[in-house]
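Comments concern the structure below.
For reference, chains read A, B, C and D in written order, and residue numbers begin at 1 within each chain.
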Amino acid sequence: MLQLSFLIKLSFLNNTKTKINNLAIKTTMSSKESNLEELANEYKNRSPVAIIKFALENFDNIAISFSGAEDVVLIDMATKFKSDVKVFSLDTGRLHAETYRFIEQVREHYNIEIDVLSPDSESVQNLVREKGLYSFYNDGHKECCGIRKVIPLRQKLISLDAWVTGQRKDQSPDTRNDVPVVERDDAFSTIDKELIKFNPLSNWSSADVWEYIRSNDVPFNALHQQGYISIGCEPCTRAVLPNQHEREGRWWWEEATQKECGLHAGNVKQKS
Amino acid sequence: MLQLSFLIKLSFLNNTKTKINNLAIKTTMSSKESNLEELANEYKNRSPVAIIKFALENFDNIAISFSGAEDVVLIDMATKFKSDVKVFSLDTGRLHAETYRFIEQVREHYNIEIDVLSPDSESVQNLVREKGLYSFYNDGHKECCGIRKVIPLRQKLISLDAWVTGQRKDQSPDTRNDVPVVERDDAFSTIDKELIKFNPLSNWSSADVWEYIRSNDVPFNALHQQGYISIGCEPCTRAVLPNQHEREGRWWWEEATQKECGLHAGNVKQKS
Amino acid sequence: MLQLSFLIKLSFLNNTKTKINNLAIKTTMSSKESNLEELANEYKNRSPVAIIKFALENFDNIAISFSGAEDVVLIDMATKFKSDVKVFSLDTGRLHAETYRFIEQVREHYNIEIDVLSPDSESVQNLVREKGLYSFYNDGHKECCGIRKVIPLRQKLISLDAWVTGQRKDQSPDTRNDVPVVERDDAFSTIDKELIKFNPLSNWSSADVWEYIRSNDVPFNALHQQGYISIGCEPCTRAVLPNQHEREGRWWWEEATQKECGLHAGNVKQKS
Amino acid sequence: MLQLSFLIKLSFLNNTKTKINNLAIKTTMSSKESNLEELANEYKNRSPVAIIKFALENFDNIAISFSGAEDVVLIDMATKFKSDVKVFSLDTGRLHAETYRFIEQVREHYNIEIDVLSPDSESVQNLVREKGLYSFYNDGHKECCGIRKVIPLRQKLISLDAWVTGQRKDQSPDTRNDVPVVERDDAFSTIDKELIKFNPLSNWSSADVWEYIRSNDVPFNALHQQGYISIGCEPCTRAVLPNQHEREGRWWWEEATQKECGLHAGNVKQKS
C-alpha cells in the first residue's frame, strides 16, 4: 500500500525482492526518518555483504560510488550476486596515474561499466585561470573539491534513488563518529527527491577491509604499496608514516575537523 | 595601405612596431601565402628571440602555446621584452603530476597568467564510458587527443590571430622535416579567419634548447631529470634510453609516421 | 663486595652510578641467571629511558646496535643523558641508499661516532661467485645474513660486555613473544665471556615508538614514508600494505617462523 | 721466435690463434711499447668485435671488466665466440639496487661466472668511522674510490696479463681524448709484470653502443630508463638532463678534469 513508507515495506519484503517504486518514496519525512533509523538499527550488526545485498535488491536505481581506493571491496561484494552493478567514479582531472590505472583494472577485472564523471570544463578553467593549479594549499580544498567532485556528484545523484559508499567510522575520528549503515542523505536529497545512502563498511575497521582484500584476491591501487592508505587527488594525498592515522594523508595542511571533501558533508554538518 | 598584405607590411615595418589591424589579413590567399613564404624565408636564419619579438610586436591577438615541457623557453624569451604575454596550456586531465607542478611553477616564476584549457566534460565521459581510460592503446591516440587536446585548442585558436609554438624540425624526423618559422596554419585557419603560426624554435636542435635552458636558469619540468625528453600525457609518454630519439617516448605502440597529436596536423597532412 | 653478583649489586646500587668492574661479572652462572631474571622482572614495567639509563650507567663497555630504522629512538633517548654513547651499525653492503643516508643523518644530528661494520670481503666474494647476488631467494637468507650480518656482529660483540637492541615483542608474533628487557645473550655469550643484552623497547608497540618519534622530532629513514615499516637489506625488505604486519615486509618468501636474521637467534632457539 | 716481442708475433699470427706464452712478454720496454702502438694503430679502425676477438684469442689470462652499465656489450660480443669468458665487477658496497640486479641478470642471461670483488672491510670501516658515509662530497672521491674500487681492482689485475674495458673517448672529453684500442696499462703494470689493456669501444660513440644494445636485444641496467647514462656508485651518480654530457652525471660537485675514479688513472696522468 502506497501509504506505507518504503522502509517498512523494505524490512518486511526484504527477501521477496519486490522492487520499490518511486511512489513509495513519497511518504512523509518524519515516518521515513524513523523508519530509516529502524532499518539502520536492524542492519547495524549485519555484514557489509548483507547490507549491499539489501540495497541492491530493493533499489533499481542505485549505484556504487568508487573512489579508486579500498572501497573496491564494495564492487567485489556486489558483483558476486549481481552482474550489472552500476558504478561511478569522480575523475577530478587530478588523480594519480596509479588511480586511473586501477579504475581501468577494476573495470576489466569485474567486467563492469564504470561511469567516470568529469567536472565542468569552464568551472575548472575559471578557477585555474584565477588562482592557479594549487589554490587549495592557500585557501582550503573546499572550492576545488566543490568544482571537481561535489558538483559532478550532485548531478549524478539527482538521477539516483540511492547510492552506496565506502565510508567507515574509523576513517575520520573527528567527522565520522556516527556513520549509520543506511541513512537519508541530507547533503544531496532535494525538495523533490529523497536520496538514500548506504554505508555498508561503516562498522568495519581498516584492518577488516584489508583482510577482505587479501583473502579474496581483490585488486588494489598500487599506491597502497607505497605507504598510501586513504587515496584522493594527487596533490591532496600523501603517504603516511607507520601507525599514522590515514586521515593525516589527506589535506594535511588543514585542521582535522575540516577533512571532508563534501561528498559526505552531512558528517561535518552534524557536528556544528 | 590596406590593400597591401599584412605580410608585406610586416616585412617593411618590422622595426616600426606598427600593429596589424584585422583588415590587413583579408588579402587574397595567393598573395598572402607567397608573402608568408617570403617572411619565413627572411626569418629562417634569425634567432628564436628575433622571431618571437617580430610575432609579438606585430600581433596583438597572439598567444604562446605551452605544453609544460622545454617549450618554456618561448615564455622565457617573450617575457624578457613583454610582461603581459598571453600563454595557454592544454590540460588534458591526464598530465603527469610533475607537469601540473611545472605549469604552476612557470606561472609564478614569470608572473604570468596561463590559460589552462580543459576538455569538454561530456565528450570525455562518453569516450571513457564506452572505451575505458586507455582506449588509445587499442585503437590509436587520435580519438582521445581529438577530445582532450584538439577540440579545446581549436576553440582557443578561433579567438586568436596568431599563435606561437615550440615545434622543431628535429623533434620528429618523419613528420616535421619542414617546419617554417612562420606559416599559415592550415589545420586551424577557417574560411572566415586565417591563423598564423610561428615556430621560432624550428631550426634549433634539442641541444640548442637545453643549452638555453641551462645557461639562462630557466625552470624545467622535473620529468626531464628522469629520462623524459618529449612530454605529453602520462599514459602516452615514457622516458627514453640514452641516444634514443625523443619521439620514441611518445605513442610508442604506433607507427613513427603517425606520431602527431593533431596540434600540428598540417605536418602529417603535407606528407600524404 | 666482589662475591656478590653484579646484578644484585646493580639492583641495589642502581642510583649510585657505581660502575661494574669486570670481576663482578665472574660469578656463577646459576646465580647470575636468576639475578638477570629478577632484574628483568624489576624493569619490565619501567620506561625504555629508565632501562637505557640503567644499562649505560652500569656498563662502560656497552654499545647500542642501530639498524637504520626506528630503533633510532634508542639513540635519541641515550644521547639525552650521555654524550659519548657508543653506537654501531651493520653495513651489509646491500642496504637501501635511503638507509645509508639516514645513518649519516643520525651521525650528524646527534654528533656521535657510529661504528659501521663491513662484512669480510673474501667471504662475500666467495658466496657471490658461487651463488650470485640473490642466493637467499633460492636457499634462504641464513647464509647471506650469516656472512653479512652475524659474523661481523659476533666480532663486534666479543669486545663488549653488553649491548642495547631495539627489538620488541610486537615485531614478530612468532619468534619474539618473549623478549625480556634485559637478558643474558645466549647466542653471543662465549665460554670466556658473558654478554648482556638490553631490549628497552621490548614492551613498546610500534605505535608507541612512532608516537615517540613524532613527538620528539626524531629523524627517520625516508623509506618509512614509502610504506616500509621494518627495514633491513634492500633485496630482503619491501613495503607492506595497510594493516599488514611489518614482518611480512621481510623475507616474505620464507615461513613466518624463520624470520630472524641471526642477530636475535636466541628467540628462535627458544621456540624449538 | 722467443726474442720477438709478443706484439710483433701477434700482428703476424693474428689468425693462427697461437697463444702468447709468458716469455714473450719479457721483451724490452721500448720495443714493446712501439709494438703496442703499432698494434693499436693497426686495430684502431677495426670493429670492437675484432678487437675483443684478438684479445681473447691471444691472451688466456685475460678478463673483461664489467661496471654494470652499457659495457655489457663487451660481454655480449665476447660470449658469441667464447663461452667461458672471464668477467669481473667491482662491488663497492654502494651500488644502486638496480645495478646489483643487472649484474645478476647478466650472469644468468649469458650463463657466465662474474667475479664480484668486495673492498677490504677494515679499510672501509676505518674510512667510514673517521669521515662518515659521504666523505667524498667534502674532500673528493679519490679516497673512497681508492678503497672501494682501485685497491680491489689492483689486486685482481695482478693476477691477469690483460684486461678489457669499456672506456670510450667520447665519455669524458677532458680526460679520455686519447684512448687507444690497446695499450700498456701504465697505472697497473708493475715492475714484475706488464699489463695490457684493451679498449675495444674506444672509438664508438654512445650512440653506437646503444644502437648495438637495442639491435641485439642486449639486457641493460634499469637505471638507463630513468635518465642515467654513465653509472657508478649510487651517491656519486645521477641522471642527466636531455643533451647533458654523461660525465655531468658523475662526481658533479668536482671539476670536470678530475672525473676519473682511478680505474683509468693513466688518462688523467697523461694530461698533467
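A few remarks follow.
As a convention for this text, contacts are C-beta pairs under 8 Å (C-beta built on N, C-alpha and C of every residue); 3 or more make two chains touch, one makes a residue touch a chain.
Values in this document were obtained by computation on a predicted structure and should not be read as measured data.
The angle of the rotation superposing subunit A on subunit B, based on CA atoms and rounded to the nearest 5, is 180 degrees. Averaging Cα coordinates per chain places subunit C and subunit D 41 Å apart. Taking each chain's centre as the average of its CA atoms, subunit A and subunit D sit 60 Å apart.
Subunit A and subunit C have CA centres that are 45 Å apart.
Across the assembly, subunit D contributes no residue in contact with two or more other chains. In terms of which chains touch, the assembly is arranged as a closed ring, every chain touching its two neighbours and no others. Pairs of chains meeting the touch criterion: A-B, A-C, B-D, C-D.
Of all residues in subunit A, those touching subunit B in their complex are 91, 93-94, 96-97, 100-101, 103-104, 107-108, 113-122, 124-125, 128-129, 132-134, 152, 234-235. Only residues 70, 206-207, 209-211, 213-214, 220, 224-229, 239, 241-244, 246 of subunit D touch subunit B when the two sit together in their complex.
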